[in-house]
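Which chain is which? They are A, B, C and D, in the order written, and residues in each are numbered from 1.
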Amino acid sequence: MAKDKKHNTEIVTKPQWFDGESVTIPMLQILKEDGSFHKGADMPEYDKDLIVKIHDTMQFIRTLDERMIAAQRQGRISFYLASRGEEAESVASAAALDDGDMIMGQYREQGALAYRGFTVEQFMNQLFSNEKDLGKGRQMPVHYGCADLNFMTISSPLGTQIPQATGYAFGQKMDKTGKCTICYFGEGAASEGDFHAALNMASVYKVPVIFFCRNNGYAISTPSQGEQYGGDGIAPRGIGYGMKTIRIDGNDVFAVLRATQEARRLAVEENEPVLIEAMSYRMSGHSTSDDPTGYRTREEEDDWKVKDPLDRLQKWMMNEGWLDKDHVEEHHAEVKAKVLAALKEAEKVPAPHIDELINDVYDEPTPLLKEQLEELKEHIRKYPDAYPKTSGRID
Amino acid sequence: MAKDKKHNTEIVTKPQWFDGESVTIPMLQILKEDGSFHKGADMPEYDKDLIVKIHDTMQFIRTLDERMIAAQRQGRISFYLASRGEEAESVASAAALDDGDMIMGQYREQGALAYRGFTVEQFMNQLFSNEKDLGKGRQMPVHYGCADLNFMTISSPLGTQIPQATGYAFGQKMDKTGKCTICYFGEGAASEGDFHAALNMASVYKVPVIFFCRNNGYAISTPSQGEQYGGDGIAPRGIGYGMKTIRIDGNDVFAVLRATQEARRLAVEENEPVLIEAMSYRMSGHSTSDDPTGYRTREEEDDWKVKDPLDRLQKWMMNEGWLDKDHVEEHHAEVKAKVLAALKEAEKVPAPHIDELINDVYDEPTPLLKEQLEELKEHIRKYPDAYPKTSGRID
Amino acid sequence: MAKMNLLQAINSALDLAMAKHDNVYSFGEDTGGFGGVFRATSGLTEKYGKHRNFNTPLVEQGIIGFANGLASQGSYAVAEIQFGDYIFPAFDQIVNESAKFRYRSGNEFDVGGLTIRTPYGGGIAGGHYHSQSPEAYFAHTPGMKIVTPRNPYEAKGLLLSAIFDKNPVLFMEPKRLYRASTGEVPEEEYTIPLGKADVVKEGTDITVLGWGAQMEMTEKAVEKAEEDGVSCEVIDLRTILPWDVETVTQSVLKTGRLVISQEAPITGGFASEIAATVQDKCFLYLESPIARVSGIDVPYPLCHEKEYMADHLKIYEAIKRSMNY
Amino acid sequence: MAKMNLLQAINSALDLAMAKHDNVYSFGEDTGGFGGVFRATSGLTEKYGKHRNFNTPLVEQGIIGFANGLASQGSYAVAEIQFGDYIFPAFDQIVNESAKFRYRSGNEFDVGGLTIRTPYGGGIAGGHYHSQSPEAYFAHTPGMKIVTPRNPYEAKGLLLSAIFDKNPVLFMEPKRLYRASTGEVPEEEYTIPLGKADVVKEGTDITVLGWGAQMEMTEKAVEKAEEDGVSCEVIDLRTILPWDVETVTQSVLKTGRLVISQEAPITGGFASEIAATVQDKCFLYLESPIARVSGIDVPYPLCHEKEYMADHLKIYEAIKRSMNY
């Protein structure tokens, strides 16, 4: 497992100090902000179908986000968290993967899940915590998960999924699956101890994992530069771990595709863990609980609007003749209608049965849990009005 | 607090991958293995007194270590942990500091403590957990601490002192003390999440702290290269944090002095946190509980013997006329006699009074603790023979 | 006096503490200029500068490690953990370091200036990770103090005590009550002693005990029970560690009955400690088993939150059961 | 059958588990070729290769994070934490992740293949950080199982159950007994069910309960008490979570008295949970208060270790007190 590299102990006799300036990591960009390619840029593998699917998924997610923020404002769901501005990161990276690869997200990667085929109904069932939710209504909205689609259930504690990705990839390697794991996280979560553990262990074990850092400039209200870290972002840390590392423009579908395709090859064919730092911007508030006007300026937000990943892709596709205004509008209208229909449907689905309260704590409910459930049911029978969600069908 | 540096977003249009090879951090050495200076080397500030004090402290510690390993073998103490081979690191770095600077160690920095003036009696009282131990006999041998000497009490959990050092240095900066904190740790402990937290926070807050990593090739039985980390040691991580970083020969008193002197200046005058990686070798077993023949070769140990920091310094001092064989032998004999005398003395000092069992849990013992102590004393009175250490003077 | 909600009372305590001593620092994730996700630290940066109230990087083990170091240097370190559910990455720094700092050094060093503030508890549709009541995880740790207030007045007085207490204190803020609980609070500094439970209401038939947000549930239940003619003695534990054994046992010796309510899952909760101690100290006086009304042994749920909670109806039923035993 | 000490029994369980399935992995600090600081994993690298039994970097949160991921992938991950005292950096990965993995995903994913092995407990001159018994810190966490054996036979059977149990298990090894406890152990595979306490000895006057290394102390105390003519029923809890309420309460219903001994500090220890539950379920049958014999509320000491420990004399005295109540 261990690679036998020696430390660099070349001798100097005058102190040589290193610091953040000692390495300069540039950013890969293929599609310019104006929607045209850089001349001579290294292109990813792609065809029209792929790009159209990426586009449509990005548009779907953006529309879903908009509608659900509105639904939250109307009090129909309790919480929502949008990925506006970062759709290229999750969608185009998912597009570079095999469907058998495991995805471990932080919570802003609905794009990757949609790309994998999670249906609008499935999204809605989770968001409404109803009995059709794969997660049985146990976690807050946006904590999606789906074993069939190899999308690990999101958990709120930040950073925990990063060493888990290393472990998952270790299993994939040992089982000779030819698959890899991609692990998304924010530049904020990269401050957690788990990040350090994960990257160091991946580098030691040489497992097929892609660490995909979404550097969107903020962790809630905390700006990345100078308050989240003192160095030049996350990428230079990869060098410290002796790990293949690249920085890319996260708003450029082609840069994301290109880098992730190569990362996957490195991971799967050479068992090289890879760190990708994608530079982007969280265009919405952190979540529906947040109001970013308290900590950042309109100008800053506007500066980033012109870099919008979806606009940029659409410009290029239109130039290419792969998209026209009509399709955009039709698709938007269609998605919106689907979302609204699914929303209304999901709203009507009842909450999970009270018995689900004690299932899955263990593979089988323990005697004590069964006793606790029985007592609880007895109590609900006594006060049915106080527990309207479940009292109607307790037996 | 935050510095307003921008990310590097220089654009490239072809993927540029970085990895461990992207940076090459050489090692500062001033005094060669043969005991002569590299020509044209950058020298630290030093004079004869300083070097003699460094030397005598190194020799003291080596002798103390030898004697106490023997004492442990004889069953006189329960545990010991030597710093053989790494004396230059702790002693010469302490020599570069102000006595008012805080030292936070891991457990193998007895050299720094001795340099500060901890007496042989103080060492012994701790090692014998007797009632004169400043730590009141509560921790295992080698967990020294002394507020008067600004040497923070050692705690066994690895890595915990690293973010504490960042916090301590923050207080020093805010209080405008003109002092700094030095924090020692092993390359093994640098894998802990606390390391990552500490360096990142120090880089954000720009506090006067020197992170001094003793890379001695092993964490108990785990070799550093390829099993503790996959990159080129600890130093390149500093670049990721945007922190002033240097790699030095840890067996070279002059390199340690030179680097730590400059680190202190950077820390105190410019509020620049600094990372020093000192390359050395743990010449003894990890502790008296360990037998390294189970995991490393004689040859490897021999390879390092020729790099011995004390031999190297002595060669140079003798050449310089600052030391002669007689002094070495006399000093050794003198230290040995002192150690043995102190050992015999400390052995006779009784264990702390049973009342100390409940002191210092809080600033004042709680009612419950007092009740627990009373019950315990009652019990000891009933079975005095079962608790011979304390039953003799319980009231 | 001024009308304040619980958040404002906390903010006022922080403000006064920082005004009192230059070396009181407040920090945590998003606690800087923005004032924290609940706004408990708002206005402090404007008033005391960005070196006194500031953001940390997103790393709880670092926040507490840093705070331990800062407190050991002699400063007052008031660290916020954004949600009690996210305190666990700092568990080692708390139970192995903060709690043992003074003891292990023979009093050469201490982190008495450390206070960890964290919002805790459920009832806000927060699911597994925005609802936990982790007090019992810490209450097995000699060296720590654990405090939780039930209303704004208590919050301010207890937090001021916690900040200047000579021991590390975990101060748990009932987030469900942040804005819901309001009351008259003195504008100036005052303290409420740690380690002393509060007999909120005297009574003779049964003792009903709780802490933090549970007190609201408890008081509602007691109202109902009193309507039935049961005279309840209500106690707010206030300090969970070290807890006030004396006040609680005195009460139970008088009433002969005890109901304890807590938000956390029942198994291994702090109510168990109280029950174990009280059955020992009041054995011959107990007229019915000590009842624990509590969350059940599942991760804090979302869609079944209402069913899960130890609400006033469940406490009321427990009082009745105890009376009718 | 072969004579084994507790370490050898553990090693044998690991060996058989790894032989049985290719996807059983064993790892931790120094657990690779060297075989761990206590040598529990020795020989496994030679037998199964360095990809099946290996060293990790020195990072407990990483070890358990990695293990969670590996288990979620469908493998059996057997992770060693070098000392129970060093498990706390992994606390978040255990209580927020391992324990909730299945529940939060609606059973889409689980880490049933996870087993965390860790040596625990005192009596070895280890001071604060090589002596702790942290079971109670974890026992407040629905979703985890916690198991501890009292002797080599139990160790092997319980560890094999733990490894192949469909839930994450924390397996605590009484390090004081690693070499001190020996006995006849079958060489082949066998299992002992989790969740079932063991009535080690039947008796009629009093129930004496413990787990892990405490059982040795308990048995010595009981010997002494029986000499006085007290008939003791001795129970080894074996599984701390979920614990066997039925067996314990049945015994107390019969004897009317209960002494529980644990190594950890008394406040917030697991003995408190048992006492709280038993006083509730056996209220009318109890003839004396349930006694907890336990460490006192200080960090595990070094020079006063003997005084601190819940030794056989203290248990014996508690039995007498309970009988004479």
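Following the convention adopted for this analysis, contacts are C-beta pairs under 8 Å (C-beta built on N, C-alpha and C of every residue); 3 or more make two chains touch, one makes a residue touch a chain.
Quantities reported herein were computed from a predicted structural model and do not represent experimental measurements.
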Per Cα centroids, the chain farthest from chain B: A
Distance from chain C to chain A - Cα centre to Cα centre, in angstrom: 35
Euclidean distance of C-alpha centroids - chain A vs chain D, Å: 39
Multi-chain contact residues (two or more partners), chain B: 1, 136, 138-139, 143, 155, 157, 191-194, 196-197, 200, 204, 227-229, 361, 366, 368-369
Sites on chain D at which at least two other chains make contact: 57, 59, 61-62, 85, 88-89, 92, 96, 100, 103-104, 128-129, 142-143, 242, 267, 297-299
Chain contact graph, described as a line, ring, star, complete graph or other shape: complete
Sites on chain D touched by chain A in the complex: 23, 25, 50-51, 54, 56-57, 59, 61-62, 64-75, 77, 89, 92-93, 96-97, 100, 102-110, 112, 142-143, 145, 166-167, 195, 242, 245-246
List of chain A residues in touch with chain B within their complex: 1-20, 22-30, 38-42, 191-197, 200, 203-204, 206, 215, 223, 225-233, 235-247, 249, 258-259, 262, 279
Touching residues on chain C, where the partner in the complex is chain D: 61, 85, 88-89, 91-92, 95-96, 99-100, 103-104, 128-129, 136-137, 139-143, 241-242, 264-265, 267-273, 275-277, 279-281, 283, 286, 288-292, 297-299
Chain B to chain C touching residues, read off their complex: 1, 102, 104, 133-136, 138-139, 143, 145-147, 152-153, 155, 157, 160-172, 174-175, 181, 193-194, 196-198, 200-201, 204, 359-363, 366-369
Partner chain B, residues of chain D touching it in the complex: 29-30, 32-34, 37, 55, 57-62, 85-86, 88-89, 125-130, 266-267, 296-299, 301-304, 306-308, 311, 313-314, 317
